[in-house]
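Notes to accompany the following structure.
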Amino acid sequence: MSGFDKVVATYQEAMDGLADGMTVIAGGFGLCGIPEGLIAQIKTLGIKELTVVSNNCGVDGFGLGILLEDKQIKRMVSSYVGENALFEKQLLNGELEVELTPQGTLAEKMRAGGAGIPAFYTATGYGTPVGEGKEVKTFNGRPYILEEAITGEFSIVKAWKADRYGNCIYRHTAQNFNPMAASAGTITVVEAEEIVEPGELNPSEIHTPGIYVNRVIKGEFEKRIERKVVSKTVHNTTAKESQ
Amino acid sequence: MALSRDQIAMRVAQEFKDGDYVNLGIGIPTLAASFVPEGISVMLQSENGLLGMGPYPHEDELDADMINAGKETVTAITGASIFNSAESFAMIRGGHVDFTVLGAFEVDVSGNIASWMIPGKLVKGMGGAMDLVAGAKNIIVTMTHTDKHGNPKLLRECTLPLTGVNCITRIITDLAVLEVVDGAFLLKERAPGVTVEDIQAKTGGKLVVSENVTEMRV
Amino acid sequence: MSGFDKVVATYQEAMDGLADGMTVIAGGFGLCGIPEGLIAQIKTLGIKELTVVSNNCGVDGFGLGILLEDKQIKRMVSSYVGENALFEKQLLNGELEVELTPQGTLAEKMRAGGAGIPAFYTATGYGTPVGEGKEVKTFNGRPYILEEAITGEFSIVKAWKADRYGNCIYRHTAQNFNPMAASAGTITVVEAEEIVEPGELNPSEIHTPGIYVNRVIKGEFEKRIERKVVSKTVHNTTAKESQ
Amino acid sequence: MALSRDQIAMRVAQEFKDGDYVNLGIGIPTLAASFVPEGISVMLQSENGLLGMGPYPHEDELDADMINAGKETVTAITGASIFNSAESFAMIRGGHVDFTVLGAFEVDVSGNIASWMIPGKLVKGMGGAMDLVAGAKNIIVTMTHTDKHGNPKLLRECTLPLTGVNCITRIITDLAVLEVVDGAFLLKERAPGVTVEDIQAKTGGKLVVSENVTEMRV
């Protein structure tokens, strides 16, 4: 099955073909489940005028935030941004555009992009600034707005384990937007903590089937924690009952 | 006397029924998890993809791959499930989450809510709030009854950009419990020591006083 | 967590509330992954005038086919039917209506129903009898038709393992339509081969989170094979290479 | 001479490139899996939720939970993935499957295909065929060039209810390989011993003969 071996050895190969002005869809939520090495490679390449679709834009000096340092991002499509000073500065300067999209709509737009659904109706955002200029249609007496799919030239994805065929599983809440991102890219690149042989992942437990994936690279991850909150009390983890 | 944050949270928690799936926003809503009444279990949904959110971890349980929607480290309870963001919002948008509790800048008598954007201030985004108010079966807004300048936050019509329209059913403030009914705020409960007149004076939109206004149990 | 214990002891409890004229969404593909005992209970109850949404309608004497025997189904929404003589007879007699829906559109309509998406655009069926009377809209130069979501008063689902909270996993290709069916019912009933305690299923491997499920019952399954095809040759199962 | 079913399947298999994901319909298309050329690997998608379909099982491997889209018992190859029907058609509809090969009653010069319904006969349904023709990047139709009465199945305009419009790019019959180009069938290859005139006589829609018609290698 040599034609299905998607493992590449270098970050250069992993991001080969990325060019100025392209759209990059990135998995991750905050700093959780982000393809750290692929983001670093985009910085290294110095590609400019990017549209980046990702729930957030990292923080100063880490995650997608590092692409702001050389003004590589022209436009950001996110549900929540501005966790870093540089982002705020570029936004206020007009050097950066932001398209704020509700989190669930963003996830569904990526999924739709991967699934060949060009548009769908949702109640989310109706009657708010998000709904302005969008088609409205009423179903069962309730108004909904039409939202269009998102696709990109590249998707960058962070997996826990990927096999050589590109089948991926994600760890805990590092799953988040990664499967949808994986489906919506013309070229989907997966950076995995571990690369395993085909057959090592249980077929029914695979989160992203390899058909969506073009390239797989093994990464080393810092996995920085954005908000470390620790409990000082003794607790059991079985229930939220009368704590 | 106006309720404390903990007392508001305590009153919120009285809304929950055994077996409810609940999504709690940042701030007072999150506190409500600590006051779930005896004999009642609720399961917490975190919109980044976790159903069955547990307490914060101990130092030795910290895991960068285990966070909540506020990007804080968390744990999962026994019997939790973890899924992607599209599935998470399918649950929310599809009406499978029983309660959403969230804060707001303003609400109005049409059930509209403004909670994400103050023009002139930096706009950071709506996150999952618009999906939550569009999707949950029951939405509870928790907030102080007035802003820090004493201006009403319960209005005839929201002045700030909206998060959702015609979606708020219940408001729990430091002064009162109100429902949105027929284009008015229906006063159901008042905080101990707070009079109906106080509440009336601090409410911007039309207030209808229920026949039987009870005192909030906190 | 008593409020989340969804296990019921009898089929009567499992299907309590089902009434004439309701819509029932059923998981399964052919005879694979069908909730055998729940279907049998619908037969026992004698409920009539049902709309049944399922990719297929079983065979004579097994699966959903048994609901034809007493003419309990008024309308069938499926992608492929007529594997049994009784179905054909009732259809030709006008005793049974059929709404044929492309398989992928059917799956997506169920998913949309569960996900609060009232309608979506798809290219599937454009220009064919399936597209007749449906709204058409062009995206990027290609015409698409608008398809509406499906929901039902009841969904009946077959799981491999379910825990008391209703979290489910499916076995192999018995997954098929079951997760979408589970999401689209007002009351979703799961019939499982095995009921386990919360915590026995890995949270990241759960196919259907318990939030979609109202009742869980342990079933006994015949698991009839519709088309047994056996290979006589020696083969390895690694590849389709030059066999 | 007209090709046999195996020979048609053999010619179909020559279309595949190493690393292609392929969905094969029932009949001749399925046979193509047996003729994948040396050095080429393809992975088979079965639309009921299996990527990496293997051969039929041995008696001792039979499993009611392991079937293909034709409801036949199958196996999975090492490295397969299994998923739900919505995910399966997301792959198909989203254009991730490289090739779909399927049979047809009729095709026409506009790239339309009719393959699921003959009025007056019992209609069993389209299954996944409409999704497949709407979604795959490349669609190959395999069929006999004429029906059993000798009537052409390659037409100016399909007469039967359609499965999809403007979607067929390549047709492989027992007589020829043709492409649909600019409102005509472009003849690219002919079966050994079959003349261009034979093919012309048996084709209903406009036929354009390629400058260099080669002989099908089977």
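Per-chain residue numbering starts at 1, and chain names A, B, C and D are given in the order in which the chains are listed.
Here, a residue touches a chain if its C-beta (ideal position, glycine included) is under 8 Å from a C-beta of that chain, and two chains touch if they have at least 3 such contacts.
None of the values given here were measured: they were computed from a predicted structure.
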Separation of chain A from chain C in touching-chain steps, minimised, is 1
With chain centres defined as mean CA positions, report which chain is farthest from chain D. B
For chain C and chain D, let me know how many angstrom lie between their CA-based centres, rounded off. 28
CA centroids of chain A and chain D: separation to the nearest Å works out as 36
Mark out which residues of chain D touch at least two other chains, giving numbers and ranges. 40-43, 76, 78-79, 82-83, 89, 92-93, 134-135
Per-residue multi-chain contacts in chain A, two or more chains: 1, 108, 111, 115-117, 122-123, 170-172, 175, 203-204, 207, 238-239, 241
Mind giving me all the chain pairs that touch? A-B, A-C, A-D, B-C, C-D
Of chain C, residues touching chain A in the complex: 1, 108, 112, 115-123, 137, 139-140, 142, 144, 148, 169-172, 175, 202-205, 207, 238-239, 241
Quick one: in the complex, what on chain A touches chain B? 29-33, 55, 78-83, 88, 91-92, 100, 102-108, 110-111, 122-130, 160, 170-180, 207, 223-231, 233, 235, 237-243
State the interface residues of chain B toward chain A in the complex, per the touch definition above. 33-34, 36-44, 46-50, 54-59, 62-68, 70-79, 82-86, 88-89, 92-93, 112, 117, 122-131, 134-135, 161-166
Mind listing the chain C positions that touch chain B in their complex? 1-4, 111, 113-117, 163-165, 167, 183, 198-199, 203-204, 206, 209-212
Taking the complex as given, what residues does chain B use to touch chain C? 17-21, 40-43, 45, 51-52, 76, 78-83, 87, 89-97, 134-135
